[in-house]
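Presented sequentially are two complexes of subunit A, the first with subunit B as partner and the second with subunit C.
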Partner chain A sequence: MKALLGSFRPGSKNSELSPLQFFGKHGISVAFVLCVVIFSLATDRFLSADNFFTVVMQASIIGTIALGVTFVVIGGNLDLSVGSLLSFATVLVVDLHDKVGPGTAIILMFVFTLLIGAVNGYLIGYLRLNSLIVTLGMLSAIQGITLVYSGGKNVDISDQENTWFAFFGREEFLGIPIPALIFIVLGIALQIVLLKSGFGRKIFAIGGNGTAALFSGLRRNRLVFSTYLLSAFTTGCAALILGSRVMGSQNNVGEGYELLVLAGVILGGTSLLGGSGSIIRTVIGVLILAMIQNGLLLLGYPYYTQWLVTWVVIIVAVWLDIAAKRGKLLSTY
Partner chain B sequence: MKVQISSIRTIRSFGKTSLIAGSLALGLSSMAQAETFRIGITQNNVGVDSYQTTYEQAFEEAAEAADNVDAVVLDAGGDVARQISQVRDLIQQQVDVIIIWPTDGQAVVPAVKRAKDAGIPVVVTNSNIAEAGQPLIASFSGPNNIQQGAYAAEMMCDQLGGKGDIVQITGQPGYTTAIERQKGFEDRLPEVCPDVTILDSQPGDWNREKAQRTMEGFLTRYDNIDGVYAADDNMGVGALNAAKSEDRADEIIFIGATNFAVGYEAMERGEYHGSVYQSPAEDARNALNIAIAVAKGEEVEKMSYFDTPKITRENMDEFEKPVF
Partner chain C sequence: MNRIVDLIKKQPIWIFVLVCIVFFSVSSPYFFDLNNFSNILVQASTIGLIALGMTFVMINGNIDLSVGATVALAASLAVGLQSELGIIGAVAVGLMSGIMIGALNGIIAWKTGVDAFIVTLGAMIGVRGLVFIYTDEQSFYAYDLAYSDFGASEIFSIPVLALIFILLTIVAHLILKYTIHGRNVFAVGGNRVAAKEAGIRVGPHMLINFILVGFLAALSGILLSTQMGASTPNLGRNYELWTITAVVLGGTRLTGGFGSIIGTLGGVLAIAILRNGMNLLQVPSFYVLIILGSILIIVLFIDKRFAEQQGQGVGA
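After this line comes the complex of A and B, so read on.
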C-alpha cells in the first residue's frame, strides 16, 4: 500500500535515475535556474529583491488561478472557463465595492464565483459531460453574463486611497507584496493538501484511473465536483488581487488568461491526461513564464519575442517530460 | 421619425411590404417623392460597451430631431453574418443610404459591393473597412486616429517643456486603431519636440492590468522616465497605478489618446495630464449628417472626420465626463 501511494506522489524519491529521467523529474527546476542565470547575466536590473518580488507579484494572478486548475487537471479534466470567470469575478467585486462596501462585495463575489464553479462541477462530475466542451461553453456564457451585468462599462472604485480593499493588491507585509504572499501561502497550503491529505490522494486516483478509483469505492462525481469548486475559489482569490491592484475592471480583463494558466500548469509537468502533477511545479512553471516576460522586457525585446520564447520553453518542457517517461529522446515508432 | 426593428424576421416582412408599396408608388407616379430620406444603419454591437450604447441613443435622437429623416436602426450584435443579412434587408427596403459600423472590416466588403451595385450609397462609421472596399463607399465618418496620436504628441511636448525621455504603451498589436495612434504620435513628436526621446514601446492590449505590468517593467528598467504615452486612458491609468506604487508618479507626465472616465477623474485629481476627447454622440451625429448629405446628392469628403479635441487640466471644465 505504501509503495502504491508512493506512485501517486511525483515528489517522492527514486533511488536510481538516468540523466533523462532526472531531467524529466527536475527539468523544470533546471529551466528555472537557467532562466535566472541567463537574465541575470544579460541585465544587471534583473537580479534584485525588488524585481524578484515584481515578478512574483505579476505571476500571482495567473499563478493563484493555476493552483486550483492543477487540481482539476490532475483529476483528469480541463478548465478553460477561468479566464472569463476572472473577468466576471473582478467586475463583480469592483462594481459592488462602491455599492455595498468591500466586505459584502467580497462575500458576494465568492458566492457567485463558487456558484459558477459548482455548475461546471455538476455538469462534469455528476452528468459526466466532457470538460473541454463544458468549460469552453462556460467561457462564452460567463462573458455574456459579465457583459449583461456591466452593460459594457468599465467599472472603477471611486475612493482608491481610503479603502481597505487596497490591502489585497497594493500593500506589503515585511517587504513582501500581499499578492505574492497570497500566492505563496495558498500554494504551500494546497501542496500540503495535495500530498498529505486523503482528498489529494483521491484526486490523483480518479485522474490516474477513474474506473479503478470508482471500483475502489471513491466517489468520483463528488471529487470532480470539488476540484471545480477549488478552481473557482482560487480564481476568486485572483480576482481580489486583480481588482485591488488595478482598482477597476473591464469585461475582457481575463481574456486569454485560461491559456496562460494552462501553459503554467503544463510547463510544471502536470499531465493533461490526469493522474500526475504537483503544485510546487506549477508554481515554478508560472514563475518561469512571468520571468520570461519580465526579463525580455528589461532587455528591451519587442513583445512578439516573448510569445516565441514562451512557446519554445513549453515545447522543450513537454518534450523532456515525454522523453523521460519513455526513456528516450526520440520515438522509434 | 424612427423605425426600430430588432428581429430579422420582422425586417424581412417589412421589407416585402415596403417593396410592394415602393413598386406601387413607382407605378403611380415616377419621381414625385417628398423630401424624406430613409437612412438605414447596421451597428456593430450595441450594449457591448457604453460608447456604442451612447452612440445609438445619440443617433436616434438626432434622427428624430431631423424632420426629413426616416431611420431604420439595426444592430448586428457583433455577428458579421447577421450584419451582411441586415445590409441585404436594407437593400431590399430600398433605403436611400446605408450606414454601416463594420463588425469585421474585411468580411463586410462584399455586402458593401452589393449595396453599391443596387445603387445605394454606403457610409462607413467609426471604424473603416478594408482597403479593397474603399472605392465602394461614399464616405467614411469617424475619428482620425492618426490625428489623435499627433495631438497626444503635441500635449506631451507642451507638458514636458520640450525635453525628456518617455515610454509608450500601445494598443493591441495588429489593430488599425493601435497602429494609427502609434504612427500619429511617433510622426508628430520629432516635428514638435526633437529633444523628446521614446525610450521604449510595448503593447498594453487595451487592458489596464497588462499596461500596469508593462509599466512596472519600464520602471525597473529605466531610472528616469519623464512621460508616458498610452493609446487610451484605460491603459494610461494602469501605468499611473504602477508609477504610484513605486512613488514615481509625481515626476512623470501621463498622456492618453482617448479620454476615459477614469482618466478624466485622475485629471481632476491632478495626477493625469492630457488626453483626446472623443464623443460618441458627436460620432453618431457626424455619421447621420454625412448620410443626409450623401442622400441629397451633395459632394462629401471621402474621409469625413469629426472633431476630437485635446483635453487637459486647463480646459477640462468644457467637457462632460466621458460615459465610458
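After this line comes the complex of A and C, so read on.
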C-alpha cells in the first residue's frame, strides 16, 4: 500500500526511475553532456568560448527555423515548406536590397513570407487539410515562385562593404556573433511564450487532443493558423541571417533544410504526434547536431561522417524516448 | 453516366491525366506522337518505379523518406564497381544495397516502434552521407558502353525502361490486389491494432514493404544511371518528395488503408505528362513546380470533400 501511494505522490518521481525511464526523461541532456565531454577530451580545440560560438553560429539558421517549427509540431502538424520558404525569403531580401534599400527590403520580405505562412495556415487551420501534404505541395510551389521571381538567376548585393544589412550575419555584439544572438534571444522569448502564456498552453492543448480542445472552447483554426505564421516568421529571421552572411543567394539555398530542421526538433524530443515538446530541448537538439558536425571536423573525420552519426543519434534518441514510455526496449508487434 | 461520376470520385487524377492529354494534343503538334509517348513513359519510369513500392508502404500506414538517397547509393555502386566486378556484379551489389537499406529501415521501424517517418528521415541523411563518403564527392562514368546502350535499347520499338516499368506496375497491382500480403497491407494500414488482434503479423508485412521500396528505389537509380551512363552523388535528391506527391495524387491516404497501384500510375503519369507537355510548349520548368504543388493541394481538397460527403475515401 505504501509503495502504491508512493508511486502516485508527485514529489517522489526522482526516487524510483528505472534506467530506461531516466534516459527517456533526461536522455537529450545526457547526450548533450556526453557530446561536450567526448569532444573536449578528444580534441583540445573544442572547449573554448570561440568554438562554442562557432557551433551556435552554425546552428543558428537551422535553429532559428526550428524554433517556429517546434510550435507547429507541438500543435500536431508538420511544416515541410520551411526550406523552400527560406530560399524564397533570402532571394527576396537580397534582390530587393539593391532596388529599394535594406529597410524596405526587410519589411517586404517579412510581409511576403508571412503571407505564405498565412496560406499554409489557412489551408491547414481553416480547411483542415493534412499538413504534411499541404506543406509538401507548398514546398514545390514556393520553389517555383522563387525561380519565377529570380528568373533562375542567382542574386547578390552589389556594394557589400557599405551596407548596414551586414549587421545580421557578419557583426558581433559584446563578442557574441549577431546570428547566435538572434537565435538565443528568439529562443528565450519563444520558450517564455510557450511555457508562460495562454497561447503556449493552448498550443499544447490542440496538439494533445484537438477535439477535446475544440469542445472546451479553444479556437483551434486560429491557433493552428498562428503556429504557421510563427514558423514563417522565424524562417524570415533565418533568411535575414543567411542573406546578410552570404550577401547573395542561390535559388535553392534552403533545399533540404526542412528535414534537417525536423531532425533537430525530433532530436529534442518533441513528439510528431503533437502535444509535447519544448523550445529549450529543440535548441539542445539543434546544438547537438551542430556539435557533432563541429567535433567530427575538428577530429579530422571527413565532412559527411557527421551525417552517418546523425542517423544513429536520431533513431537512438527517439527509440529511448519511446521505450521509456512503453517500459520495454522492443515493440510488441 | 453513373460509372463516369464514380470514376471521377474514385480516381480524380485519371480525369486530370485525360484533360492534360487532350490539352497538350491540341496546343502542341509534337505531343500526340508515339515517340513522345514512349519518351513520357521513360521519364515517368524513374519516379514511377519508386512510387510502386511507396504505394505499398503508404497503404500500410508508413512512409519512406530515404528513397532518394537509396537511388544515389545504388547508382553509384552499380557504376563505380563496374571496373572490379563487371556490369552484372556491380548491378547486383547496387540492388542488394537497396534491399539492405529497406530491410534496415523495416527492422528498425518494426523492432523499436519508432515512427517510420523518423526512421527513414534518419536514413535519408545517413545514406546520403554514405554516398558522399563512398564516392568521395565524385561522379562516376560507365566506361563499358554496353551499360548505357542498355538504357537506350528498345524491344519492338518500345524502350526497355518503359517496358520494365509497365511490367512491374502490373506485377505490383496483382500483388496488392490478389495476394494475402496485399490484403494484409490494407488491413494493417486501416487499423493496426485491429489487424494485430486478428492475428496478422504487423511487423513482417512492414518489413516486406520497406524491402520492396528499397529494391525498387535501387532499381530506379540503376536504370537512371544507364540512361546517362554515369552517376552523381547528388542523384535522386528530392525524389522522396516527388514520389510521395505522385502517390498522394493517385489517391493513396497518408493515414493508410486506402490506395491503389492504378491511382499511383495516374499520379506518376500526371507529373510526367505535365512536365513533358510544358516542355514542348516551352514553358519554363519553374511553372511546373507551382502547378504541381497547387494540384497536390487541390486533389487533397477534393478528396476531403468527397470523403466528408460519403464517409469514405478514395478506394481501389
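Following the convention adopted for this analysis, the second predicted complex is superposed on the first by the 313 of 333 C-alpha atoms of A that agree within 3 Å, B and C clash if a C-alpha of one lies under 4 Å from a C-alpha of the other, contacts with A are read in each partner's own complex, and residues count from 1 in each chain.
Going forward, a contact is a pair of C-beta atoms (placed from the backbone, for glycine too) under 8 Å apart; a residue touches a chain by one contact, two chains touch by 3 or more.
Only a predicted model underlies this, so the values are computations on that prediction, with no experimental measurement involved.
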item: Clash or fit, subunit B versus subunit C on superposed subunit A; value: clash
item: First, second, both or neither for A:123, with subunit B first and subunit C second; value: second
item: Partner with the higher number of touched subunit A residues, subunit C or subunit B; value: C
item: Contacts of A:304 with subunit B and subunit C, given as first, second, both or neither; value: both
item: First, second, both or neither for A:259, with subunit B first and subunit C second; value: second
item: First, second, both or neither for A:137, with subunit B first and subunit C second; value: second
item: Contacts of A:248 with subunit B and subunit C, given as first, second, both or neither; value: first
item: Contacts of A:21 with subunit B and subunit C, given as first, second, both or neither; value: neither
item: First (subunit B), second (subunit C), both or neither touched by A:152; value: both
item: Subunit B versus subunit C as contact partner of A:209, first or second or both or neither; value: neither
item: Which superposed partner A:40 touches (first subunit B, second subunit C, both, neither); value: neither
item: Residues of subunit A at both interfaces, subunit B in one complex, subunit C in the other; value: 147, 152, 255, 302-304
item: Subunit A - residues contacting subunit C, complex; value: 80, 123, 127-130, 132-134, 136-145, 147-148, 152, 255-256, 259-260, 262-263, 266, 272, 302-308, 310-312, 314-315, 318-319, 322-323, 326, 330-331, 333
item: Subunit A partner contacts - residues on subunit C that touch it in the complex; value: 65, 108, 110-115, 117-119, 121-130, 132-133, 192, 196, 201-203, 237-238, 241, 244-245, 248, 254, 284, 286-297, 300-301, 304
item: Contacting residues of subunit B [partner subunit A, same complex]; value: 47-50, 52-53, 173, 200, 202-203, 207-209, 212-214, 216-218, 220-221, 234, 237-238, 241, 245, 260-262, 265, 323-324
item: Contact footprint of subunit B on subunit A as seen in their complex; value: 45, 50-51, 54, 58, 61, 147, 151-154, 156, 158, 170, 242, 245-248, 250-253, 255, 293-294, 297-298, 300, 302-304
